[in-house]
Structure formats: structure tokens, C-alpha cells
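Note that chain A is present in both complexes that follow, paired respectively with chain B and with chain C.
And then the complex of A and B:
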């Protein structure tokens, strides 16, 4: 018997017993201070609002805002594992880091251009299949079926499984000899594939796993959207003699758009950010062949210990995501007019 | 009998009745038996694809150690045993990993709710100076690349000696979850009619009283769901834990399970057993709350 010893239990409880009261005391102190500041010195009528906001703001400042700016500072430094305390920072180093991001390989052999292209392919293929398959299944599920709820609960399961388990399990199942994928390939007369060895097939398997993972979300979204389309539209179309495909193109698609557009945009951001699948399947290998931008950032920082460089690289990624997201908000803004 | 009844109806009513019955049967009439068969086949195939990997986990977890590496595809393997599950508890630190996850998740949920509930109420109730700034912040915060803040947080935690402690990762998780929790709760507080609070004010209650006595009790379900989200997020989280917890004795289950998976040897069965034990409760929770999860996830993106 190992692992959960009384000591380990006490360690956990002990830290909680210390942390939570201290945190609450701190929250109260922050609130009292804010109250004093707002009611006695500034004299604003929003005193209560600020008092209620203060603890949250302090938390967000300490762990989101401050780290963000600290990260910017790190981007202008040459910090690394060996120069953890003796690093230096200057504008020049920052510029050098920025140039390095675009000219020097992010890891051992892959430079950012390759990663960008791979991330675009990864995102596009994934989201394309998420939306088409999800919509397809959603439309099928919206028809009268006896086992509708059974299908629905089964089809939603891939989304419910923790991503860590999904990725590791699929990794096992892509094993050359004992994974079920190759066993099935063999049994239908195809050549088994070396998923772990060939970067191309490794990437295909990662994409497959992520498609498996992401379809249920789009399916549920589509189902929700379909239920808000009045049946009358289809009745009228039926009377006018429009067939199934015409109804789909002229009624279903346009009316699903307001829901699917933001969901798709959200899907793009999520897929761009999908760290777990890629990292847990092959750690970006073989020969760095499955790294996307996000996983390369993690590897550069926490496996190659290039802190300064990694910080600058993460800023570049941030700008990219900001660009993608601003396009998204333009589309979503258009969506709001439709929905309200 | 029905003929008699329809004769008594006016013409208008008869038309209405017919169109209504047509409406109800439209889809059924639209799908011929062949189509229905086709739809069912596709859905059965898709469902199989969705659950097969999970069933495989069960299969592998039940395999005896000497039969782990086979190309057998049966669901219940030959000579099924629970040895892998037993080994998980006797030979591995599985219980410790679960305990660590529970401690961290519990601390995170409590702290996160305390930090975000009052803030959400402030955002729902007042248009104070700085409101717009807060909105912009929540929006931009969603666009940070995953793991961008990991490095600075890691360095700060190292300086404060908070790596390899529960405290460090709890604080990091809890504060990281504030924006999303706040967004969820704000939406809920806004949906509670203002009249309720106004009535309380008429009766002489202060704003603080109406918040604690009326809104908080009403919002209990929403707060529970928000807590559930925070719980699920940190329960399943891998990246931050991988960086912040390097001591084996502090590993959460995602980190621990990875040790079991790392080689293709006897631990494959134990990995599968551990996955089943973790995944089944999470899946049950997820299915139970999936309705809220969908609206919660789209809320962040759709609403401002």
C-alpha cells in the first residue's frame, strides 16, 4: 500500500486550512480598504459596487494583468534556465528575440513559418469537419426517431471524456501492433500504418482524434439552432415544391448561420489553442512533425528553457490570435443584429 | 364517431384541424421507411465510433496482465479480471493523485466563487465608471493564447516558493477562472427581475441586505453550476499542473495517469483502469449538466 498516507492527507488539509482563512481575511481587508477609500476619500455613489468588485479585481490583477506585463518584460530579456537570476533585459535583446522568432528555429529544426502553415491546416481541417459532421449529425437527430435520446447521449460522450484521457487512449489505440485502428485496417485488408513513426500519419491521427473530440459540440449547437426554426417555413417550402436539398440550402443553412457563425469562430480559437491533443499524443514528434504554434511555445519554454525567446514568441502568438478574434467579433457583431 | 364530430365543426375549424395534423406528421411523412433505415444506420455507426474507444478502455482494464498485448477485439476479454483495478490501489499512487486533485479542485472552487460572485453582482447591477473597461478586459482575456501566462506565473511562483505547493496552483486556477465565472453569474443576476430588489428596498432593506437575503439564495443554482464549471476545468487541467507540480507526491490525476501510460508495458491495463475510474464520474456529471455547459460556453462568445 503506497501513496495516500496519513501524512499526505494532513499535508493537503493543512494547506487548505491555512490558505482559505488567510484568503478570506485578505478579501475582507481588501473590501474594508476599498470601502474606506471610496466612501471617505473619493466619496463616490458607487462605493458598494467597488467594494464588491475589489477582491476579484485584485485576483485578476495579480494573476492575469501583472503576469501579462511581466511576460512582456521577459520578452525583452535573455532569461533562460542557466540565466534564471543573472539575466539582463534591454530593448536590443528584445529586438533580437523578435528577429529570432522569425529566423531561428523555434525548436531544434522547425521554424515559425512551418508552424504557421501547419497550424492553419490543423485549424482549417479540424473546424471544417467539426462543422460539417456536427451539422450533419444534428440534422439527422432533429428528425423523428425512436431512439433519439439514446443516440444523443452516446454521440455527446466524446465531449464528456476528459481530454487527457481521450488523447492518451487514442495514442494507445494508434499503436502499430496492438491498437484497434491497425487491427481493423488489417481485417479489412489494408496495410497497417506506422502512426508513431511518420510525421504525416502522426498528424493525420492527431487531426482524427481532435475531430472525434470536437464534433459533439457543433452537433449540440446545430440541434439547438434547428429547434428554433419554425416548422411553418418547411411547410410552405413543401407546398411550393422545394425538395430536401433546396430546403436545406434556402431555409436551414441561412437560419442556422446566426448560431453557427459564432460557434465556428469559437471553434477556430479553441482549435488554434488545442494543446492537450497534440502534446499528449506524441509530444509534437516524431521529428517535431506534429507541433503546432501553441505546443511549440510550450516546448520552447518548458523543455528547451528559452524563457526570453519564448515570451517574445508568445507575444507574437497573442497578436495573431487578436487578429483572428477581431475578425470574429466583426462577424459576431453582425450576428447580434440578426438575433436581437 | 370522429366523422360526427367533424361535421359539427365549422369549415374554418376543419381546415385548421387538417393543417395542424399535417404539421405534426410532416417529418414522418417526409421520411420513407428506407430513409429512416438509412438514418438509423448512419447514427448507429456514428454512435459506435463515439463510444468504441471508451469501451476499449473497459476491455483493456479487464485484461489479465499476461494477455495485455493481444490483437483480440472482444469487449469482455478472455479471463477478465479486476487485478488491474486492485493493482492501481495497492501498487500505484492512484488514491494520492485523486486526493491531490480533490484538494486542489475544492480550494479552487471555494476561492473562485468568493472572488467572482460579488464582482458579478456589481457588474450586473451598476454601470459604474470602469464598467466598459472591465468588459473589454474580459473580452481580450479570452484571446490570450493558451499557456501564454504560464511562464510569468511559473517564474513568479518560483520566486515566492509557491511551485510544488497546493497553495500556488489553487491561487493560479482560482484567479484564472474569475473572468469566466463572473460572466456566467452576471448573466444570471441580470435575469432576476429588478422588481424583487425594489420591493425589498421599499420594505427598508439596504442594497447589501437585498443582495445577501434575496439574490444570493435565488442564485444558488447558478452559483452551483458556476462552481461545477470551475471544478471540471481544474479537475481536467493538464498544462498548468505539469509546470507547477513537479514533485511526484503532489501529482494530480492527469499527471499521474501519464506515468502509467508512458510505456507500452504492463501498465497499459492499469492506465485503462484508472481512466475508467476517473472518466465515468466526469462523464456522468457532464451529461447531467450538458444543458448548462452549452449555454455557458456560448455565452462567453455570443453575448458581450
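And then the complex of A and C:
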């Protein structure tokens, strides 16, 4: 922490004080311009609403919309290490980048086909366990239980601990000789596993850690959903002679759907793009065996300077995610109201 | 009334913003990015403060990033034509940053012939296309043999002796089938640790800008590394950097191959209880009679190409002079075990009388500068998975060498597109 000296803090605060009037002036200018545009030129009755929204819209444009379109522009460019400041862009270059994404190895020995299959397996297995285990724990916690809040707090803990710490801690626990996973395996008479050298087992350990990290979120979401289902439905079902399973299938699941569908869609997107766990545990190794699409993209862009290629690759990823999410929504009927 | 308030507030804000800019113009605020973390970062900040005391109109802000972040963040900043005034980073960044044209050769900032005061091997690591792209701060960053004198009295002279000694001290104390003390530790996840042996077997990853990986020397190197694990069983089954480091600190390793950056950490009071550190060259390869040649590089000042303002250049130059003084280099040598880059310090008693540092220096003498060319990056990336596959017993050394060559050629082709 020697970096955070009183001098450094004062310098930081000084910069902040200098920046504040500039930021304030910028907001005032945006507000005045919006007011002038809406009240004097367009003459709309929603002037106040637009004035309130304007700084937020400008922020979103600057931080999300502009980078997105700039990335699209780069996808049609030949920007690379040798053409870093002198790159050019054209439709032809973009098409070549697109062809390269599907024909040239993204990493040294792994092409996009392998990465897609691995990412789909990674996403499916993770989300499946997130949802099933999360729902299971949510249902357990929704019952009358002694010390319920203590269990709830303990189960939420993995979510509360930063991913970096969780990943690095688990990484040590998979050590061949001193990690407790192998110690347990040995104590029950099984052979210890070379987690750091065998790509298959390395991937299994990454999936395990990510399940550990993702279950609490789904548990909290499910618990929230369960608490909003009136008890009357279950009472009536019981009078009609419905057992536990029937109640779950006919009451709990349909009523959880409006909550679980967007949560699962989010889970798919997050897991598909999960970078931290894989990179912190094995940096995509061993033998490139734990790389998924997103970590391979990072490697191509930031380690191998393939900016144009990387931008097109990220665009392909975006289209894939958009497609998967849309299909999922359609199948799960997430846009439907409960009453439909 | 409300309208007037709005207008006045706006005018005040603008005036404040302009005033602060005018006030800021009187002093020069330099920004330096460094990849040095604690405890060196604190020393750098202290030295910058000293510089400000001597030059009250110049303030220096030091920001710390990891080695990879400093490169990627600088690329992004330089692309926008802004960023730090000075970089303190490692030599292997000189290649890509100079090809991208976002750093300048040192003669754009420093006086003519300024480089003559530095050792040749410190300059070789940042020479590209006949130009010098960094001012050396310290040299080294090289691997060497560290040994625990509590376990072995002296370093072995060649690899045959190393294997023999290592076998004797690889001991399973509790009889569970897994050794509790190892003869040799090193990180076999990273090809940086392969380079010294490759040199010892007469090979090198690059010839100019061409990868030379599918060679008999590479096959022999990989076979040698494979045998240390599977035939001689003197290294742990799995061993990455952290694992090797932890075992050595706990006194569970007789020898370890590690870099000069780690020396300081093995001399603290806690580690001294288990480790009595000795430093020497990595043993000569018995088969070839050659010394293994670790890659050498070091810490360098680099100058962004957008640094064109004369006043700022003058301030940056002054800061470099301040850090490159003999006093500062002696301080870093004594307190942080950094080998100096100044020629005038090679015979300094502070260096020659220190057994750890003189051992490090002996290793440096047989090292080879890490290739500065950007082709080194895809070559590393090509070597890594294949080396890991050999160490996992999944492919033969010959197949791995062939795969490396193919992947490196492909990677270089893609990079230069």
C-alpha cells in the first residue's frame, strides 16, 4: 500500500476538484441545450422529462453506443501491430476478417469450432447447475426452518467474496500435492488428479469453481420469486389431492417463470462471457485446454495485437449471443405474462 | 429568477474551470507509469519527491500497473495521443511499441552518446533496427540457479552432477509415495524457463525474425526436461511458479531455477529460517559442455512518441538523469538486489563483494539478450502449449518441436498481416 501515500491522495483529490467544475459545466451545457431544443424549437410538453434524461443518455452514448459502433468500424479495418496508427478500413477487409475468424486458428492450436463447442458445453453445464442447485436451495430455504438467516448468509457468501479471491483460492486447492481436493481423493482411496496439467480436469475444476460462484445468485432470485407466490395456491392444491411434485410442476415452476427466464438469460450471457475464473485459474491453459471464446478473443487482441481480427471476432460473438438469447426467450416463453 | 440563477451558476463553473487550468499551467505535472510494485514503488515515489524538491516547478505522479497492463493501457492511451510522459517498463515492450511507432528512440530526448555510459548487454536488449529504444535502469530479469545451503553445500557444476545430487536429496519423509523434499524446482508452465536449457543444447527460439523451434536442440531440450520429471523424478509432478516458490521458501527444495526479481524475497527474516540462499550459474549441460543461457533483459525508461513539448522533454530528461545517477543505482543494488546498468559500476565493491549479486552477475555473463523483435511474442505463445503437453506426457518432444514451429510461423504471419 505504499503507493497510497498522503501525497498521492492529495494529488488525486486535487485532480477531482479540477474536474468537478468541468463536469458540472458540461452537464449544465447539456441541460440548457436540451431545454432549448425541446422548449423553443420542438415545443414538446415532455421538456422536463427530456432534460432529466439528457445527461444519462449522453453517458450511455459515450460509454456504450459509441464504443460499440467504433468496434464495428474496427472490425472492417486491418488494424494490427504493424498498422497500429496507419490502418485502413473497407468492406473487403471486413469480409477477409470474417473469413479469417472461421478459418484461421484463433490461438496456436485451437480454432473457433473447438472454442464454440467448448463454450457451449461450459455455458450449458454451468447454467444447468446454477439453476437446478439454486432452485433446490431456494426451495429449501423457503420452508419453515430454524436458523434460516444463518444458512441464507452462509449460502450467499460465495457471491459476496470477489471472484478474483475465490478463483485464486480455489486454484491453490487444486494443487496436486497440497490442495485439499487431492488430499480428500487420496483419503478415500482414489488417485490424485493432475488438475494443472490435464486440460480435461482443468476444465472440470473451472466449471466447479464457476458453479460455486453462480449458485447463490440463482438461489436469491428463486427465493425472491417463491416468496411472492401466495400460500393459498398450495393450500387449494393440497385439498385437491396434489402431491409435492405436482404442486412444484403446476404451481411453483409456472409462477417462477417470469423471474427465472430473465435470470437464466442473464446467467447464459454472463457464463458465456465469463473471463475471470478461467483466466485467473489457468490463463486458458494447460495446452490451451480451458480457453473459451471470450478468453481466446482477449489473447488474440491484447497478446497478439490482432485488433481488426479481434473486433470482427467480438462482433461474431455478439451475434451468437443475441441468437442464443432470442432462441432461449422464445423457447422459455419469457415474454409471456403469467396469466397467459 | 430561476433562469438567472442557472446562468450565474454556469458562468461561475466555467470561470472556475478556466482558473484551475491557468493555475495548472505554471507547474509541469509529469506522469510516469511503472510496472514496479511494492516495495520499489515506494522508493520511486520518494525519489520523484526528491526531484520535485530540486525542481519546485515540476511534479511527478507515479502510477503503477502490472507488466501486461502497462503495455496494453499505454497502447490504448497512445492511440488517443495522450498518456504518460515516461514509461518505466521491461525491455520486451520495446519491440512491439517501437513497431507501432508509439515510442521514440532515446536520442529524441536524451543527448547524443548518452547511451555510452551503459553496459553493452543492457543496450542490446532494446536495440532494434539500429536504434536504442530504452534507457537502461537495471539489468537482469534473468534466471539463475538458487540453492539452499541447508540442503546442499555448493552448486553442481554440470547437469549430470545436478541430477545425481538432486536424486539424493529428493526424499519421501512420511512414506506416502510422494516426496516431501525435492531436488529441483522450476516453473514448467512457462517457456521462459525453457530458454536457458535450449541455449545450453545449442539452440535459440529465433534466428533474427524467423522462429527456429523444430531443431535437434529443441528436441533434446524438451527430452531433458521430460526426463527430469518422468525418468529422474527430481521435480514435483506439477510445478508452476507459485508452487515452486512456496516449496523453496519452506525449505522443501534443494535447488530452484528462478529470476533475480525473486532474490530480495528470499532474504527476508522469515525465509532465512528455512533457506540459506546460495546463487550460481545454472549447471553446464554435460552433453554439449555449454552453459545454459537464460534470456536477459531489464528495466528501462521509454519515451512516448507524442512527447514533443520542449519544456516537458526537458523535465523528463532531468528526471531520467536523477534516476540514472550512481548513487541511486548503488542504492537499488544494495537495498533491492538490482544489477546496475552503468558501466562505471561493474567493478564497484557493492557488487563484487556481495555473494548473491556476484552469483547473479556470473549468470548474467553467459545469458543472452531476449530478442527485442515483436516476433518473440507469437513464438512464446507457440512454445507454451507444446511444452506443457510434453511435461504432461501427452506428446513426444519431436512432435512438440514440429507443432511449435508450425504455430509460431502461423502466429507471425497473422501478426504481420
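Simple rule for what comes next: the second predicted complex is superposed on the first by the 296 of 340 C-alpha atoms of A that agree within 3 Å, B and C clash if a C-alpha of one lies under 4 Å from a C-alpha of the other, contacts with A are read in each partner's own complex, and residues count from 1 in each chain.
Keep in mind that, in the parts below, a contact is a pair of C-beta atoms (placed from the backbone, for glycine too) under 8 Å apart; a residue touches a chain by one contact, two chains touch by 3 or more.
Note that this is a predicted model, so its numbers are computed, not measured.
In the model built by aligning both structures on chain A, chain B clashes with chain C. Of the two partner chains placed around the shared chain by superposition, neither chain B nor chain C is touched by A:201.
Residue contacts after overlaying the shared chain place A:175 against chain B and chain C alike.
When both complexes are overlaid on chain A, the residue A:287 reaches chain C alone and has no touch with chain B. In the superposition on chain A, contact of A:322 is made with chain B only, not with chain C. Once chain A of one complex is fitted onto chain A of the other, the partner contacts of A:108 are limited to chain C, with no touch recorded for chain B. Using the contact criterion defined above for the overlaid structures, shared-chain residue A:248 touches neither chain B nor chain C, since it reaches no partner.
Contacts of A:302 after superposition: both chain B and chain C are touched. When both complexes are overlaid on chain A, the residue A:87 reaches neither chain B nor chain C.
Once the two complexes are overlaid on the shared chain, A:233 sits clear of chain B and of chain C alike. Contacts of chain A with chain B, set against its contacts with chain C after fitting on chain A, overlap at residues 1-3, 8, 11, 18, 24, 172, 175, 177, 302. Those residues of chain B that touch chain A in the shared complex are 22-23, 26-28, 30-31, 36, 39-40, 42-43, 46-47, 49-54, 56-57, 60, 69-71, 73, 89-97, 99-100, 103, 106-107, 110-111, 114-116, 118-119, 121-123, 125-126, 128-129, 134, 137, 139-153, 155-156, 165-167, 170-172, 174-176, 178-179, 182, 207-208, 235-236, 238-239, 242-243, 249, 254, 257-258, 261, 264, 268, 271-272, 275, 278-279, 282-283, 286-287, 290, 294, 297-298, 300-302, 304. Note for the complex: chain A touches chain C at residues 1-3, 5, 7-8, 11, 17-18, 21-22, 24-25, 28-29, 32, 78, 80-82, 84-85, 104-105, 107-109, 172, 175-177, 194-198, 285-288, 299, 302-306, 309.
By the touch rule above, chain A contacts chain B in their complex via residues 1-4, 8-9, 11-13, 15-16, 18-20, 23-24, 27, 44, 46, 48-50, 52-53, 55-57, 59-60, 62-64, 66-68, 70-71, 74, 79, 137, 140-141, 143-145, 147, 150-151, 153-166, 168-173, 175, 177-178, 180, 183-184, 212, 216-217, 220-221, 224, 231-232, 234-235, 238, 244, 262-263, 265-266, 269, 272-276, 279-280, 293-294, 297-298, 301-302, 307, 310-311, 314, 317-318, 321-322, 325, 329, 332, 335-336. By the touch criterion stated above, chain C contacts chain A in their complex at residues 6, 9-10, 13-14, 16-17, 20-21, 24, 38-39, 41-42, 45, 49, 59, 61-62, 64, 68, 72, 75, 79, 96, 99-102, 178, 189, 236-238, 240, 242-243, 374, 377-378, 381-382, 384-386, 388-389, 391-392, 394, 403, 407, 410-411, 414-417.
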